[in-house]
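Structures given as structure tokens follow.
Presented sequentially are two complexes of chain A, the first with chain B as partner and the second with chain C.
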Partner chain A sequence: MGFTPEALLFAVFSVSSVIAALGVVVIRDPVKAALSLIACFFSISCLFVLQSAELLAVLEILVYAGAIMVLFVFVIMLVENRDEAIVNPALGQRLGVPLKLAAVALVAFALLNGVRRAGLSTPEDLPTDFGSVSSVGHEFFDNFLFHFEVTSVLLLVGIVGAVVISKRRKPQT
Partner chain B sequence: MSPAIPVENYLYLAIVLFSIGAAGVLIRRNAIVVFMCIELMLNAANLVLISFARHHADPAGHIYVLLVMAVAAAEVAVGLAIMIAMFRERKSIHVDDLRDMHG
Partner chain C sequence: MDVWLPYAWDVVRLGGMLAILLGLAGPLTWAERRQSAMIQDRIGPNRAAIKIGNKEWRAFGLLHPLADVIKLLTKEDTVNIRADRFLYNLAPFISLVPALVTFAVIPFGPDVTINGVAYPLQVARLDAGILYMFAVSSLAVFGVSLAGYASASKLAMMGGLRAAAQMISYEVAMGLSIMGLVLYYGTLEPYAMVRAQGELLFGFLPAWGVFVQPLAFILFFTAATAENKRIPFDLAEGESEIIGYFVEYSGMKFGMFYMAEYIEVIVVAGTLTTLFFGGWQIPYLMDHGFVFPWGGGLDLSHAAVTVLRIGAFMGKLLFFCWFQLMLRWTLPRFRYDQVMSLGWRRLLPISLANLVVTAAVVLWLEA
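Our next item is the complex of A and B:
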């Protein structure tokens, strides 16, 4: 039974991403959970490369594994880090966990069934520069210019909002 | 060139990752870990968008992933600021301790 290199890479990175994702949920220490999430982002970015989305694979590492997770780790260090049980030990809360997992499993089953029955057509041939900086940039600035501008406003609002919310208030006189 | 991996496999993987993230959002108590699980769910959605962009050879999917990344960055900045403010007020970031609007 011959594996193509692409199938082998897909198997490796899909398994590693699922294991890392499970680590985020089951690891008690938030710092280790964050490291597991970074590993998951690396695997997902490798899957992006397999889909010839090179630019987004690089951005995934830069933005998610770099910027966003650094922010997470900073905040984990800022707030108190009690090492407690993952699930609330109160009886009512513990009984709810299987119910929640069952609800998630139901949604997942519905989605899987939907994909199985969708009957997707054969993929179309890619242009050679698909996913490169120039092709994504052309698409962005030719067809999505308004979205680009709105995104810049959103990021500005996010920055200002983050500063205002986390600012230490002066004691009221 | 035809791809060796059918698009369904990527969709199945994205569904699994999304479900793991959703389970984490529901059962974890630490608000920061809940937030990380939301990031995981966003990434599963990104994987679907990339898969369909590849499937239809349409770069518009890549643009949507870029927009999701920008929104996620803004969301994380504001959300973590809220958590710092919440910790300053309550000395706790456990979702169980926020019951003021519980009635």
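Our next item is the complex of A and C:
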């Protein structure tokens, strides 16, 4: 398979996703690091679109960028004191940076390797409704119903746990 | 020529979308001021004028939006010295872009057939169109909260936090209120939804969303108004108390927040039209002309039907823009705790109940 516009776009968004991921690790200001993470989610979402997984791309933005990161930014804004930078990071934090960089490098390698091979599957060998809402839905509810239900129970447990923990902090009267 | 037609069509539909959004946003600011003046028995803006010869041409104050833009563009751009300049400059863009791109999945007319090929009057026909709308519009909260955070001003921070909390809260109810419609029409694609709304219920009533899901219409409209932070939900601004997240902004950066608000008004109007009021459908107008349920009809050409339907969409869009402006000057502002309790204790349970009942009915109808 030769050089196609899709391959070029794939390269652009892989590079931007890696740079954004790097930004999350190295930027000191937590709000900007969070924004960098959002940029990373966007790039990944574009990669999904290029691989005909439109539903996944939309859900990536809707759930991660639109819901989870909004809460992240909201909490950072609430608790952060802007004048207070981390001057003397603990040992764990010092160790954390090389580990994170290594993780980013690994992802970068995987993505760039994908670019090198340009092994984007051609549309012919995919079913026409690949990645559409109905096909993903059928996969969920026909073939993976049990896993789907177990996941939702797990999420419910998480919600109940969050409520229990937040209630315990309240002074007993 | 046929080779270039698809590209020319891309220009047509993108241009159409931008013309609707940007072309209407300016006149809407005029309409808001002029209408509020009428409601409050004032005259309203009417001074801006162009002098041709000896005659001043005022056009009922319609020149004010133009004069405002010139003023905003040439105004000194002051920045608070403690502000985070990068985020401060970024915030207006993050606020404006989601408002602009949400409209991409809304069809503003039926497919136009040229030489047997159908060309859509919709920028993007996505399989998950409604999810896309929610995904993109959920990003608007970043612009608002970053503006409040980056301004280094307590009032702006209060506004940003209020806005973020309110938008997160109402997004849930807004999304859930639509799901009943999705179940009924069985699609997430706005064009297919509009198509389905051309059917008739009981042989005479158009199957518009508002007739199928009247409760969802009220829930969605309330949540969308809260999402847009307009009165009665303008806690994030509260111009008589904290001014809000854009208090430190001046010049065109403020102008961008202002524009985003009016573009969101148009987007909400477009969404209401598309989901609940049949989009470009006119009751009893089929693809080949009118067919009345009481017999008789009127045959029309494809071009005439297309023009009528685009006109119908624009008419409904303008009606809901007007309706939102009127609401703003009719209702008082909620208290903050009232906003939160309305969102979480009323709208959310009601929309959940609506969803469950709708799901049961759809299942029963299909069985």
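Basically, the second predicted complex is superposed on the first by the 118 of 173 C-alpha atoms of A that agree within 3 Å, B and C clash if a C-alpha of one lies under 4 Å from a C-alpha of the other, contacts with A are read in each partner's own complex, and residues count from 1 in each chain.
One rule holds for everything that comes next: a contact is a pair of C-beta atoms (placed from the backbone, for glycine too) under 8 Å apart; a residue touches a chain by one contact, two chains touch by 3 or more.
Fair warning: this is a prediction, and the values are worked out from it, not measured in the lab.
In the superposition on chain A, A:L50 contacts chain B only, with no contact to chain C. Judged by the touch definition given at the top, the superposed model places A:K32 against chain C, while chain B stays out of reach. Within the superposed three-chain model, A:L71 lies in touch with chain B and with chain C [touch as defined at top]. By the touch criterion stated above, A:S17 is placed in contact with chain B alone, chain C being left untouched. Of the two partner chains placed by superposition, chain B and chain C are both touched by A:L59. After overlaying the two complexes on the shared chain, residue contacts for A:V97 are found with chain B alone; chain C is out of touch. More residues of chain A lie in contact with B than with the other chain of the pair chain B and chain C. Touch criterion met: A:V133 reaches chain C, while chain B stays clear of it. Counting contacts as defined above, chain A residues 55, 59, 67, 71, 78 meet chain B in one complex and chain C in the other.
Here chain A touches chain C in the complex through residues 29, 31-32, 35, 38, 54-55, 58-59, 61-62, 65-67, 69-71, 73-74, 77-78, 82, 132-133, going by the rule given at the top. In the complex of the two chains, the chain C residues touching chain A come out as 84, 86-87, 90, 126-128, 131-132, 134-136, 138-139, 141-142, 145-146, 148-149, 152, 157, 160-161, 164-165, 167-168, 171, 188. Note for the complex: chain B touches chain A at residues 1-13, 15-24, 26-30, 32-33, 35-37, 39-40, 43, 46-47, 50-51, 53-57, 59-60, 62-63, 65-67, 69-78, 80-85, 87-88, 91-94, 96. Taken in their complex, chain A has these residues touching chain B: 4, 6-7, 10, 14, 17-18, 21-22, 24-25, 30, 33-34, 37, 40-41, 44, 47-48, 50-53, 55-56, 59-60, 63-64, 67-68, 71-72, 75-76, 78-80, 84-88, 93, 97, 100-101, 103-105, 107-108, 111-112, 115-116, 118, 120, 122-127, 130-131, 135-136, 139-140, 143-144, 147, 151, 154-155, 157-159, 161-163, 165-166, 168.
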